[in-house]
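Shared chain: subunit A. Partners: subunit B in the first complex, subunit C in the second.
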Partner chain A sequence: MGWQKQILRVDLTNGSVHKEPLNMDWAQQYLGERGLATKYLWELMDPETDPMSPDNVLIFATGPLTGTMASTSGRYAVVTKGPLTGAIACSNSGGKFGAELKYAGYDLLILQGKAPQPSYLYIADDDVQIIPAGDLWGATVWRTEETLKKIHHDPQIKVASIGVAGEKGVMYACVINDLHRAAGRSGVGTVMGSKNLKAVAARGTKGVRVEDPQRFMELVKETHQLLKENAGVREMTELGTNAMIDAMQDFGGLPTRNFQEVQFEGTEKIDPAAMMETRPNGHRNLVTNKACFGCTIACGRIAHIDKEHFTIVNRKEYWHASGGLEYETAYAFGPVVGVDDIDALTFASFLMNEHGMDPISFGVTLAAAMELYETGVISKQDTDGVELNFGNAEALTVMAEKTGKFEGFGQVLGLGSKRMCEKYGHPELFMGVKGQEFAGYDSRALQGMGLGYATSNRGACHLKHDTFAEDMEDQTGKGKALPCKETQDATAALDSTGICLFTAGAWGSDNLARQVDAACEGDWSTERFVETGERVWTLERMFNLKAGFTAKDDTLPERMLNTPARSGTAKGKISELDKMLPEYYTVRGWNQDGEPTEQTLHRLGL
Partner chain B sequence: MKITVKAGGLLYEYLPPERTANRATLEVAEAATPAQIMRDLGFPADASYLVIVNGELVPAEQRAKLQLADGDQLSINPPLKGG
Partner chain C sequence: MYKSLVLDADKCTSCLQCEMACSMQHEGMFNPARSRIKVFEFEHGARSIPYTCTQCEEAWCLHACPTSAIVINQCTGAKEVINDKCVGCKVCTMACPYGTINFQASSGKVVKCDLCGGDPQCAVACPTGAIVYQ
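Let's turn to the complex of A and B:
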């Protein structure tokens, strides 16, 4: 158990809805969520398919622990071929939607084809309907969620939807659920828009059964305690993920002004202390913290903007509290674009959630546009008259809104940094890998992070491996390949359970494997659990190889490889990717062309 | 001699009460090491830290060896992690 053992398959082209038994052989090999969805994707589509064509497959996947009593068990993943990258996309999200979809009775929702008219999918247990979206097409994420709850007379419905950005083809549109939780990266919302699908509204009443309830509850108690006692978790609860920004600044790994620098002079104006400070007029940015379904960490930040701030002074619709700054949003609207106005950063966060866009990709694309502007490649004539200098808070918020509404220069920013930089003849200014923009860690200061970025299957990503401990102790490429590979596998396994990655500081793979073992049939030893992660990682790689990627794509921008860091603990250093990558291929059991060997495939049953 | 200590995240809780936000100026013994200062302030010995002195990374095995000088800036952060 753990699994509902049922999937929902919807062909949007012809409107057919099928409930099918979950393939339990695959579940035993790929577990759930990220892994199981990858297996279904692999079986259902040709990796060479154009991501924006109806033949692309979009999968919403829960894990066997989703919706259980395990802490942080609200996760679901959206897996598809990403339009931003052309690679496999796997973005997961918290909130409550994932558990609700599972309670409706489904492990996976598989969407194929393209609806003949804008539509949304309504799922209430066994009742599944494709319904015309009407004037919801064109609505924001926030209005969509509110309206769907009203239409169906049920405030308990959980909604995952896209904004105009997803409808119109911003290449990094998200799927947003529960107003401010996002399956954020690689353009999974863009694929949803290309299918004419505005939203999935789910209501479930079936609950989840586990194999051995007593053992499961004992483990739940034990693992809750581990979270409670962990200093890093306590910090996440009290300060949110933005706790990291001061350390990253001191370290000199905080990408600033499109990665031209690695430290930002305005960090103290946007850090957790600034969020918690009460200003002379009585305003305090942070209102409270918030937890996703079943989460005992509650890292989410709920914030509001000073009503006197230029961004919202005449816009009452933004006077409420909503999703505030996390580390990645603080980075993407702060250092990388050189802005230190915390209200402007918070407003940009609101806009990302309201319009459904990935803040990292938006911020890094804007940063490249700012560099193009400051070097004279583009001018005010290109930018709708906006002075696109680094540090211009108004440019940040105006462009966030234009991109969200797909207006003016926002359409160019909506291409993502790689396509935009190519359009203006400066591909070297794109800061990312495989078409996806970097998160807030510089590869010259954090060598293992650079290797993780270069090899991540969904393009540059900080969430698919964890070499922070190694990067903190040694700033060379030495000894990074093995921990990178091992944590990629462990993370792929974790991402296949329905549990949040932020448990990883307190729980090892053994804690997760034991919970899976108590919840599901089959003997889930730690070794088997981690090997499942390796199988998932390798199948993702196979998808990308078939899609046309090669070892040449496992690389970093010239700026990381040739321009030394200007300051910080890594002053003078460049990325040592050339040393790490061959070693990485070897520890993975791949040849030097980055292809898994026959032996490796055989060992993993692929 | 006097040094400045900055403690990131929730580590400011280990600074003396006269701290300003997450910073404090401390009077320490000549040639004190980061390890001594952290022990005197009560930082748990079994936890992991990111320690930087005057912008230079101090790996764990150096923390009991590096002798600080008057005016040095010691920054102690929790371990780096993703977010």
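Let's turn to the complex of A and C:
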């Protein structure tokens, strides 16, 4: 158990809905969520398929621990071929939607084809309907969720939807669920829009059973306690993930003004202390912290904007509280675009959730546009008359809204940084890998992070490996390849359970393997669990190789490889990717062209 | 003086561990749809409010029941439903001013909080102290 042992397959082209038994052989090899969805994707589509064509497959996947009392058990993943990158895309999200989908009785929801008209999918246990979206097409994420709950007379419905950004083809549109949780990266929402699918509304009342309830509950008690006692986890509860902004500022790994610098003078105006400060007029940015389903950490922030701030002074509809700044959002609307106005950052964050866009990709794309503007490549004539200088808070919020509504220069920003920089003849200003923009860590200061960015299967990403401790200790490329590989595998295994990565500081693979073992059939030793992660990672790589990627794509922008960091602990350093990458391929059991050897494939049963 | 469940909305993060613990205790599975305690969210998640039976001293559900299926547990003070006596008439659900005794279609009976016999699992599971049994 753990699994519901049933999947839901929907062909949007002809409107057919099929419930099928879960392939248990695959579940035993790939576990669930990220891993199992990757296997189904591999079996169901040609990796060379155009990601925007109806032949792309879009999978919503829960894990065997999703919906259980294991802490942070609300995760689900959206797996597809990503339009931003052309690589496999795997974005996971918290909130309550994933658990609800599972409670309705499904491990996976597989969407194929393209609906003949804008539609949404309604799932209430066994009752599954494809329903015309009508006026919802063109609506924001927030209005979509509110409307669907009203239409179906059930406030307990959980909704995952796209905004106009996803409908119109912003290349980094998200799937947003529960108002402010996102399957954020690589344009998984763009694929949903290309299928004419506005939303999935789920209601589940079937529950989830585990194999050995008594042992599982003992482990729940033990593992909850481990989280509670962990200092890093406590910091996430108290300060949110934005605590990282002060750490990166001190270290000198905080990408600033499109990665021209690695420290930002305005950090203390947008850090957790600034969020918690009560101002002279009585306003305080932070309202409360908030948990996703099953989460005993509750790193999420709920914030509101000062009503006197220029962004909302005449817009009462934004006077309420909503999802506030987490680290990546603070970085992408702060240092990387040079803005230090916390209300503007918070408003831009609201807009991302409301319109369904990835803040990292948007912020880093805007940063490149600002560099193009400051160097005279583009002018006010291109930017709808907006002065696109670094540090301009109004430019940030105006462009966030234009992009969300796909208007004016927002359509250019919606291309993502790589395509935009190529359009203006300056591909070197794109800060990312495989078409996906960097997260808030500089590859010159954090060497292992650079290797992780270069080799991540979904393009630049900070969430698919963890060499943080090694990077803080030593700023050379030495000894980074093996921990990068090992944590990539462990993370791939974790992402296949339904659990959140933010447990990883307190739980090792052994803690997770034991919980999986108590919940599921099959003997899940730590070794088997981690090997499952390696199998998942390698299959993702195989997908990308078949899609046309080569070792040449495992690289970083020139700025990381040739332009030394200007300040901080890494002053004068460049990325040592050229030393790390060959070693990485070797520890992976791949040849120097970045292809898994026959021996490696055989060992993993691929 | 009986102990009771003290619910503090200011401490609730809406993680729903309480709902899962409740359903595991009473239904043998994780299923918030069958939990006796519910968390309601308002204002984009800025307010989360856990809510369950207050075990009224003058329990209207108990007085309304035509088959005397609701009785007081003398050890805990909880008003408990005796399944064998409940005929699923739902009169108690109308009598309850708080809406915390509910009909369950799957069993044809009503369900309500019984304080887990004196060790309420929602309070054990709550990570923030929003639910305390004291």
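In this section, the second predicted complex is superposed on the first by the 606 of 606 C-alpha atoms of A that agree within 3 Å, B and C clash if a C-alpha of one lies under 4 Å from a C-alpha of the other, contacts with A are read in each partner's own complex, and residues count from 1 in each chain.
As a working rule, contacts are C-beta pairs under 8 Å (C-beta built on N, C-alpha and C of every residue); 3 or more make two chains touch, one makes a residue touch a chain.
Remember, predicted model here, so these are calculated numbers, not experimental data.
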After the match on subunit A, would you call subunit B and subunit C a fit or a clash? fit
Regarding the shared-chain residue A:Lys228, is it in contact with subunit B (first), subunit C (second), both, or neither? second
With the two structures laid over each other on chain A, which partner does A:Leu463 touch: subunit B (first), subunit C (second), both, or neither? first
Who does A:Gly204 touch here: subunit B (first), subunit C (second), both, or neither? second
Touch test for A:Thr296: subunit B only (first), subunit C only (second), both, or neither? second
Based on the superposed arrangement, let me know which partner A:Met244 touches: subunit B (first), subunit C (second), both, or neither? first
First, second, both or neither for A:Ala321, with subunit B first and subunit C second: second
Using only C-alpha centres after the superposition, what angle do subunit B and subunit C make about subunit A, to the nearest 10 degrees? 90
Report the closest approach of subunit B and subunit C over their C-alpha atoms in the superposed model, as a whole number of Å. 18
Footprint intersection on subunit A (subunit B / subunit C) at none
Subunit B - residues contacting subunit A, complex: 6, 8-10, 21-22, 44, 47-48, 50, 52, 55-57, 59-60, 75, 77-83
As the complex stands, subunit A meets subunit C at residues 67-69, 71, 96, 99, 103, 156, 178-180, 204-210, 213, 217, 224, 228, 287-296, 298, 300, 302, 304, 320-323
For the complex, give me every residue of subunit C touching subunit A. 13-17, 20-21, 23-24, 27-34, 43-46, 48, 125, 127-128
Any idea which subunit A residues touch subunit B in the complex? 231-232, 234-235, 238-244, 246-248, 250-253, 273, 299, 326-328, 439, 441, 446, 462-463, 466, 468-469, 471-475, 501, 505, 567-569, 571
